[in-house]
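Inspection log for the structure reproduced underneath, given as structure tokens.
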């Protein structure tokens, strides 16, 4: 079975494994107070061109989302998010378990618009019974989104402007950020994210690390006491240097960029075959997730050999599915898939 | 200014005030362990024909909703509710503050259907990543709904059947229950509610009392330790007998029914004038809330004299608004409003 | 049976009942936005000499404590309190249910000292693993305490100074404040409380009202959005004017002072009899709660006629118990109790 | 600098690193649904002789404690624990953040007694106002405790019996379990823990793994839906096989036992030197933590070369400190420390 179902089927990039081995018996301070974390943080801030920001390393995405949101919001405040947002759809209510409502906005392509955010805020303050309604205080977006789509710099700038106009925090979930930064047509850089958001994170779990997410907090109001909240949420890894070592490796010599681009190139190869065969897509994207709409009989054959994710039924004979490439995907596997697609379609 | 904006503009029915005065200097046990609460509970259970149920008295609706839901759900479970549900729209995230997600379903008329509930449950268990999604465990409905509509006995029976099939708790918010029980065309009785739901409440705040909601718990699994949860949620009134005295008065000699019907009769009088003038309604209902769609110029004139609630803009020249009658509404006020409507429309 | 077990056995002072009757059928805005609440708030602020403070009315003490603390603290912060504090001992974990740890300090007499607060704060910041420990951010004290004792102005000033030195909020639970303000030897006034604390409340439930607590927030940082938090915690009474009317009545013509003093005078009468008979006390106080240590055989006889609260076993033959007087206690009842005590001891 | 400050200064045992390397590019299912987790679970259940139990793998201790407790308790229930318990002292209120009060009992040596548990439960149900108090529903103990002490089989059996008598869950935190199982004088085995507790965990982070805790749930009532709660608490590792591979390696060929014993042997070597020199200990234990009370001048010299943890001040010239050995501690380092101690004392 060849896995295209997600981007976390393998362990870590070989250079990360090497470093973990090399440093394995070193004695360091715990809980992220070691030199590797410090160095990794500095590398990241250099890439972001924001020496004043804070960097913290957490283990996984759900944990990171809950920690950031719990640290930022007061009890009566909620977070605006697209219906498809990971925090709304796939975290077993982790945000609500921290006491905060996810204020859901409709979205076809996984993205929010500045207009939606503005309208939500305006509707809140215009309502006579506003104190009976959760106060929107944060906007959560993903770059790339859960559907693989990307905000353009213009769109992101517009959302950021609305957030600043109304005192809303802008939080960008970058669990797959590498695949966004290196996607064809992308014009949003790390310095842009640092400039336009209040807090964002750079995903490691899905981009070459065993695990790990690097949170970059640019808004000083959100920096205070953040480590307390990490600890409370069970996110303070005892051997924190494991995170530092991994992110140090990813951000030295641009490994993060290189391996992200690898996944996107392979995804484009699959997309091209599908496009040639006039296969429609649920959404258009240029990152490592591909959402073709395929005939059920083709899917039935594919699943004898390939593992992919079922997304949604389109009509009686067609379903949308998801294929993922990753830093670890082998060219040979993609060639084989493309060959089979050529034949079956 | 004549208030038609809600059903809690006045104090309490005069018979309740009399009883409160009569008993004012009596010494009783606190926290609802007095004889008045006991007697009121028995009266209610007789009306419900369920001697085995438990009755608890709380102060207000939001408090009651949060207490019932917190008592019933485990940390990873959520409650299915219509988009318009009070717990979703107007409780400042009280349910999420207890850690539980409100699982929102679309609704045009404030009601859920058995099909929606079944489909939600089925979608949950069919999802491969079901453990990453909040588990639906309770269904919350309002009778009447926030839009004044009513479930028929058939609809309620169907929802109850789905709930029992899948082990979901059915919770009925009866903040305005009196206006539902006595509405034209209603076929759902107190014994029906007791039979078909796991827990429901009978609203006092909006139906003749100074404040108070009587929770009836028929499912033994939800009865255990309920008073602990009331206390934790700040709902255990020190002078609990105030609730007992009020509900005792409401349920002796059918006062609750009598004053609820009064409100409905006056609401029908207003509805008839509007109907004669071909005024459309946002939703059709026969309870004490009326949602006409009126021209903005008419509304502008009405608001010089009457207080009502703005609901939503329909088009450039029309808005839907809400008029409420209540146990306390005076016939003369309704006559005056009807006269003015006749003239303005 | 004559009740001395608590200070909430009766309804409300007759002047309050009169006002509630007089205003019963008036139509007002809901949720505390009426003229009575406004007027009551102004009266209270005049007494506090703090026109800039905010006043909010809630229904009960547990609800008020949870609301204030939830509004003030971030997720990783806790509240320092004496072991005997109501929030620690008698609120079924309402504070923890909001996510906050009660940081318990030992106390013999129900009071904290400035030294304890300072030492707790210092211990926290001196600990290498401080981020693994709940951050103390608020100090909760009761005036009078749960044991009837009072902070002197000097003690309160010292605690306030430590709080301000370290950025801790000082929150004073005044559920029985009237009995403190009017106690023999008390030197703490309402303006002192307003000056020295960040937020405090004036209890109505135990001092003449049917129910109600008036929260005075002097710290602007705690004023923002407070009504959202009230609503979220189920504390926003629909017919909010009931609270306004009650507190307006209590603070016009110094009724609150007058009826509080009444209780203290009667408590002193009981204390004198006990003292003459050399009965020891669990704690010394001059408020409406009396904690004598009595022989079990005397207690056995007393309980045939009087209801009091058992406090703790002292030795094989003696127990400490609590007798309460209140605004509603009758002189005749106290005379009878004193006579019986004279005889039995 | 030689580190004796904790038992998580290094990475993982070399056999674990080998396995992680070998399996690194394998493709497996995510979230712990892979074959390695399955195999590791089976190995553990064999050791526990409980084929009916459930095994789940989480990343760290705080996360595990919060997840287990949140899964087990209803909103009004709390967990009895020693003052020194990790959940009380060093988790930044993670349990309270889930809404549950830690019900603290005094302890000199880190251990609870069956008598304390019974007395706490009895006091709760005997209290007239029991519904105003958090209901004790779980007992949390650590084996070894945070002070390195151990429950004997007799003590553990007694606690378990009290728990079963009153329907309390018994939860054993085994973050350092290996060092307990292999300690001199220990008579509690894995099958004993499985038999006597409702849920316990086997620590990997401090015993040879990069990270990881294996939760064994024997009580079926606690097994249901546990994975939902893991996910909600951010504990479901995307590449879950990392946990499975590590625990599989630890439990094949008794590696876990072997490396735990190594640490205890070295700890005994240090203890013997200290004992010969008549150094008193804060507590007596035979696990990998040593708590000597040393003169401040000796400590000053030691810290030029060794990193240890300061525990508490004993008098003007002495402090208690903690030295830890671990699976990774080198004999040479211990020899050096012992030599220096010989010389300095």
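Letters A, B, C and D mark the chains as written, and numbering starts fresh at 1 in each.
One rule holds for everything that comes next: a residue touches a chain if its C-beta (ideal position, glycine included) is under 8 Å from a C-beta of that chain, and two chains touch if they have at least 3 such contacts.
Model, not experiment: these values are computed from the prediction.
Chains touching both subunit A and subunit C: B, D. For chain pairs A-D and C-D, the one joined by more C-beta pairs in contact is A-D.
A straight line joining the Cα centres of subunit B and subunit D is 50 Å long.
Subunit A and subunit D, compared by their mean Cα positions, are separated by 34 Å. Centre to centre, using the average C-alpha position, subunit C and subunit D are separated by 42 Å. Shown for subunit B are the residues in touch with two or more other chains, namely 70, 75-76, 91-93, 97-99, 131-132, 135, 228-229, 231-232, 236. Listed in rising order, the residues of subunit A touching subunit C in the complex are 31, 70-71, 74-76, 98-99, 131-132, 135, 225, 227-229, 231-232, 236. Subunit B contributes residues 75-76, 78, 89-93, 96-102, 104, 128-129, 131-135, 309-310 to its touches with subunit A in the complex. Those residues of subunit C lying in contact with subunit B across their complex are 1-3, 6, 8-12, 14, 17, 20-21, 23-28, 30, 59-64, 66-67, 70, 91-94, 97-98, 205-206, 210-211, 228-229, 231-239, 242, 328.
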